[in-house]
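Listed below are the structures to be examined.
Next come two complexes, and both contain chain A; in the first it sits with chain B, in the second with chain C.
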Partner chain A sequence: MLRFTARRLLHAVPLLFGVVTLMFFLLQLAPGDPIQALIGDYPATPEYIAQVTEAYGLDQPLLVRYWEYLQQIFTLNLGESLAGRVPVADLIADRLGNTLILTVTAMTFAAIVGVAVGVWAGVSRSRTLDHLVTGVAVGSLSIPMFWLGQMLVLIFAIKLSVLPSQGMYSTRSTAEGLDRLPDLLTHLLLPALVLAMREIGVVARIVRTSVHDVLTLPYVETARAKGFSRATIIRRHVVRNSLLPAVTVIGYNFGFILAGSVLVETVFGWPGMGQLLYESIRNRDNAVTIGIVLLIAVAVVVVNLLTDLVYGLVDPRIRAGAGAGGRA
Partner chain B sequence: MSTGLAVRDFSVALKTPAGVIRPVDEVSIEVRPSQRVALVGESGCGKSMTLRGILRFIPPSVLDGVSGEASYDGVDLAQLDDRRLRDYRGRRIAMVFQDALARLNPTMTVGAQVEEVLATRDRRARETQVTALFRSVGLDNSRAFRRRYPHELSGGMRQRVLIAIALAGDPELLVADEPTTALDVTVQAQILDTITDVVRERGMALLVVTHDLGVVSETCEFVYVMYAGQIVESGLVDAVFDDPGHPYTQGLLACVLDVDEPVEQRVRTIPGVVPPPGSVTTGCRFRSRCPAAHDRCAADPPVVRLDGDRTARCWLPSDTAGEAS
Partner chain C sequence: MTITFARRAGIVPAIAAAALFLASCGGSGTESTGGDGETTFVTGLASQPEMLVRSFTSDALTATVGLAVGEGLVRTTKDKEVVPALAESWDISDDGLSYTFHLRQGVTWHDGEPFTSADVLFSFQEVLPLSPTGAVLTSTIASVAAPDDATVVVTLKQPLAPLLLALGPQDFSIQPEHIYAGTDLLTNPNNRAPVGTGPFVFDSWSGDTITLTANEDYWDGAPAIGRLIYKVIPDSNSRANALVNGEIDYINKFDVDDTIVKALEGNDEITLQNGRVSATFMTMWLNQNEEPLNDPEVRKALYLALDRELMSKSADPEFTEPAAGSFPTGLWATDTGIDYLDEYGYDPDAAAALLDQAGYPEQGDGTRFSVRLRYVATQPYTQALAAIITDNWRAIGVETEPTQDEATVNSDALFAQQDFGTNLLSLDTRPDPEFGIGRVYKCNPDKLAFNNPTGYCNEELDALFAEAARTQDQAARAEIYAQAQEIIAADLPALTLLQADQPDAIRSSFGGIDEFLSGALSGDLTWSALEP
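On to the complex of A and B.
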């Protein structure tokens, strides 16, 4: 298991190197000028612009800057933000927790609801219910997040005034520590729901198909020959085995959730990494942009690894394969 | 007092893309308490479908309907609702299937799969019973072994686990569908010994479905020979094997390898294959492959009572014996 983990992490190194390189050069191709963005719509003399350019090392040739950036990254230094010269690592650290609260909540929510709906549709002998659930699942997949987010804000925050529309905490709240939890939860509900929506659809569809397949397997008939009721059979023999593909999907889709958090955090003013990424792209703050994308890449690699390890927990056959060093 | 399994004029109709077919056509079988009975025939002759029909294991999506009677202790199984049917499955009639790997849940330890059948709630008692069951089917009953998963066991061990599962409900009738197919020959013999031993010890009845005449002679007292959805011959195993009345039974017995004969004569076959259900509607269904076929075979042959319990569905013996009712 340890060797398996180490090998997987080693495989990630060239991947991350590729991400950094790609991001570095792609951002150079993007329109706009970081210095212009920094100075703003302010009439500046060419001398001043040249001075600022030199101060940030932007007068150096591209390859030289790339080489320097790589050296920096290698020492785990993500560089400094263009605006305010704050270390990128500090900027991200401030926001990472907030993003994790949002994404992990959304993922948990998606897993629970998706599996429940999927099993329900899968075991249902009613064709209509099955079609209905599939339809809703496809629908939830197809709705753009930013649109759904704004619609929910319109309904629950503006029309009904039952939920806050922006931020993580009420500005008027004076609560400290754990007392802030109820306030946090009301702010969390809508963005987490929007973020989870797509994944609920994905998970529900996968689980539904999987349940359908497992129900026809011979060992389910063995369970029937044991004299078990349909409910017992589903609970003991069908659900767990149907979860295998769902585990994969949920784990591998963590990247999508992180990507989705950029939109959702922007719509809901959630002070997380996604919002920071959005701002850094607008401000042409390349060090911050690359830093966040790199971190997301690392997160995806780690979560995928965790997924493979969890898979082994759910399916003893995989465990045996990995233990023998056979399958990766 | 139990009267066992009684199947009379039992037919199964299935929905297929080509229309409704009847793979099981007016089959009558009886398994009395503690009796060991075999249902034998080639692949595709309807043996397994007969079992599945009787025990209601055919999915409603393909089942067109059953007719006739399949009763246990006088209760017609076809009339039971799901709840009452479950009281029979596992507790009174237990099943052993072929292909044990697919028949066991891959994510559950073999011990747990046996244990979940037990009726008692007491954990100590369950442990004792599972240990005893593993021992009685010839498996290592250590805790470590019981915590293994199906894929970690050999084919023979998995088959033994299936037998332990069947025994766990303490049934009166054990139904085994090709229990030794796909196992090594040496393992086959051991599994058969295990099955006959436990059936004898517990005084259970046994119904074995197989294509292997060796299995029949080793485990059973009474045999039904099935061909193309019909029972063509039945009787005590010794009597039928000594003097088969139906040409099909004669053919099957002739196919059994005899090591005393020269090599080139050892392997014999019945030419042709079992006609698909519905392709022969009148007359003897075996006549296209029968070496003794003649003009009369185009008409439905009678069921002839040969002697005692023996019957054959053929014109030939009818010339020498009286017709059965």
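On to the complex of A and C.
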């Protein structure tokens, strides 16, 4: 197990190096000038532009800047934001927790609802119900998040006035500490739901298929022959064994949830990393953009690793295989 | 049995949803409303400000927040009148070269240190050269002196009539010497937690929320609003929704786009007020390095073919009007004798005839030539305008090749590469023609961004703008500008399509809105005038 973990982590190094390199050069290729984006709609003098360009080291050759950036990253220094001259790490640290609150809630919600709906559709003998669940799952996959977000805001915030339209806390609230929890939950409901929607569809479909498959396996037949009730069979034998693909999907889709949070955070004014990424791309604040993408890459690597480890817990066969170094 | 199981599985999310919903009902109890000095005023911002000291950046959002904390020597009202701020009064020498500022006495910085002429001297010497919008003044200023604690004398190399307009807080806010002296000004931590002299004191900046509190010792009296909160809401639909829903109280005109105007129009709880700042022209530059745009007759024909009435109707009839000239209507410098709508009114037949004369007859397929059109799709009205332009020009046999750009790509293509035929860009005319209008038409050999990129260069016109900047008397300046407007009308290096003015959007329940919105620049707000 330890060796497996170490090897997976080691594999991540070239991957992260690739992410940094690709991002660095892609952002250089992108049209538009960071200095002009910084100065904005104003005719600044050439002296001023030269002065700012030099101050940010943007007058250096590309490869020199790349080398300097790599050295920085190696010492875990993500550089400074072009616009605010604040360390990128501080900016991200300020937002990371907020994004985790949103994504982990959405993920958990998607897992619970997705598995429940999937099992329900899988064991049901009603074809109508099965079609309905599949249809809704496909629908939830296809609805664009920003559209769904806007619609929910229009209904629940503007028409019914029961939920806030945006933000993480009421701007006027003076509550502190734990007293802020109800306020937070109110603000969390819509964005987490929208973010979870797509994953619910994915998970439900996978679990449904998996349950269908498991139901036809010989050991289910055997259990039935032994006289176990249907509920017991489903609980003990079918659900546990159908969860394996769901764990994989949920884990591997964490990257999608993080990516989706960019849209959802923008629509709902959620002060997380996604919003920061959106702003940094718009402002050509490349250090911030690379920093966030790098962090997302690290998060995906870590979550995928955790997924593989959980996989082992759920399925002893894999644990045994990994122990023998046999798993690729 | 199946159903029993399914029900049990569905119980967990149902409970979770119910819990969250119940929580939502208790959530609104913590809001504070009403009460003297207790009221919170919330401003929605389109993005995170770069920092909070406007002197070091041209970021509009920095001004919206930072100018509640920091102040300039003077301010400009929406009637383009210069009024005192940190300078209580000033004398200008007869030759227009020497400005003596008499500073307000008894003013203290938010940290308790007294405000003196040393701060102003320091700001002229160290802060002004770092201001993207103010640095241009440094080449005009010969020297600055502080003969005593309450006086500052600025001497110019040559007269600059609109100097006071250029010393407003949006271009030059006074910074505390005792905090900045001897440090790297651009990275000083004060830039994100500023100490100023203004009506509100910086309290905190956490994530997407900035909080300021009332300055009880403000020289003009303590503000009636106890707390200002700024909240970043990047999406314009979400910003409009938050204002309708009462989660925020105000959106600065810089952050109001046509989506927001459409969402808020007709809502009694929201006041949309325009006319505060210098007008914006939706401008089309014509690249004169390209055939046939280098021919003035072709430019006239293209202008005649454009239906600007329709453009205004389709963009927003309330907040736009067809442009009547190269200077905005209502400005003292505008020559009312020139009317583009009369001289170049919509007339496709005349346009076609003019193109025939100029040697661009229709080819076999009914077209004469094609023109490129670049614009930033996210700028207000551009999409609607581009569609009308394409239609209008096709009617006279001119094909349009439109390109939608992202803002930074667009400015790179226009100003650095001159890679365009025609374009659409929203350009602010600023409080004085010297700063906002001259740049559209003057020669631009250094390829400065947001200055004339067309290659058009008329030395006679440049001389007129230079002379007007040196002239002190406003009537005499207006005469010089009238000559400039005649040249522009004859040469048409750029076409002004719409004169637009985005409104500020504020919840109608607040008092003092008119005075709050009396400043001439988008970020210069009279925060101390707001009342609950």
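Convention: the second predicted complex is superposed on the first by the 327 of 328 C-alpha atoms of A that agree within 3 Å, B and C clash if a C-alpha of one lies under 4 Å from a C-alpha of the other, contacts with A are read in each partner's own complex, and residues count from 1 in each chain.
Keep this in mind: contacts are C-beta pairs under 8 Å (C-beta built on N, C-alpha and C of every residue); 3 or more make two chains touch, one makes a residue touch a chain.
Note that the coordinates shown come from a computational prediction; the quantities given were computed from them, not determined experimentally.
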| item | value |
| --- | --- |
| Touched partner set for A:167, first chain B, second chain C, both or neither | second |
| Which of chain B and chain C A:127 touches, first, second, both or neither | neither |
| Touch count on chain A, higher of chain B and chain C | C |
| Contacts of A:159 with chain B and chain C, given as first, second, both or neither | neither |
| First (chain B), second (chain C), both or neither touched by A:86 | second |
| Which superposed partner A:267 touches (first chain B, second chain C, both, neither) | second |
| Touched partner set for A:229, first chain B, second chain C, both or neither | both |
| First, second, both or neither for A:185, with chain B first and chain C second | second |
| Which of chain B and chain C A:33 touches, first, second, both or neither | second |
| Overlap of the chain B and chain C footprints on chain A, listed as residue numbers | 229-230 |
| Chain A-facing residues of chain B, complex | 55, 57, 82-83, 86-91, 94-95, 97, 99, 102-108, 116-117, 149, 151-152, 162, 165-166, 169 |
| Touching residues (chain side chain C, partner chain A) in the complex | 1-2, 4-6, 9-10, 12-13, 16, 19-21, 23-24, 26-28, 30-33, 40, 42, 47-51, 57-60, 132-133, 135-136, 186-187, 191-192, 206-209, 229, 231-235, 237-238, 241-242, 244-245, 247-248, 406-409, 411-413, 415-416, 427-428, 439, 446, 448-451 |
| Residues of chain A that touch chain C when the two form their complex | 31-34, 36-48, 55, 83-86, 94-95, 98, 109, 112-113, 115-116, 119-120, 123-125, 150, 153-154, 157-158, 161-168, 170-175, 179, 181-183, 185-186, 188-189, 229-231, 234-235, 266-269, 271, 275-276, 278-279, 282-284 |
| Chain A residues touching chain B - in the complex, by the definition given at the top | 217-219, 221-230, 236-237, 240-241, 314-317, 320 |
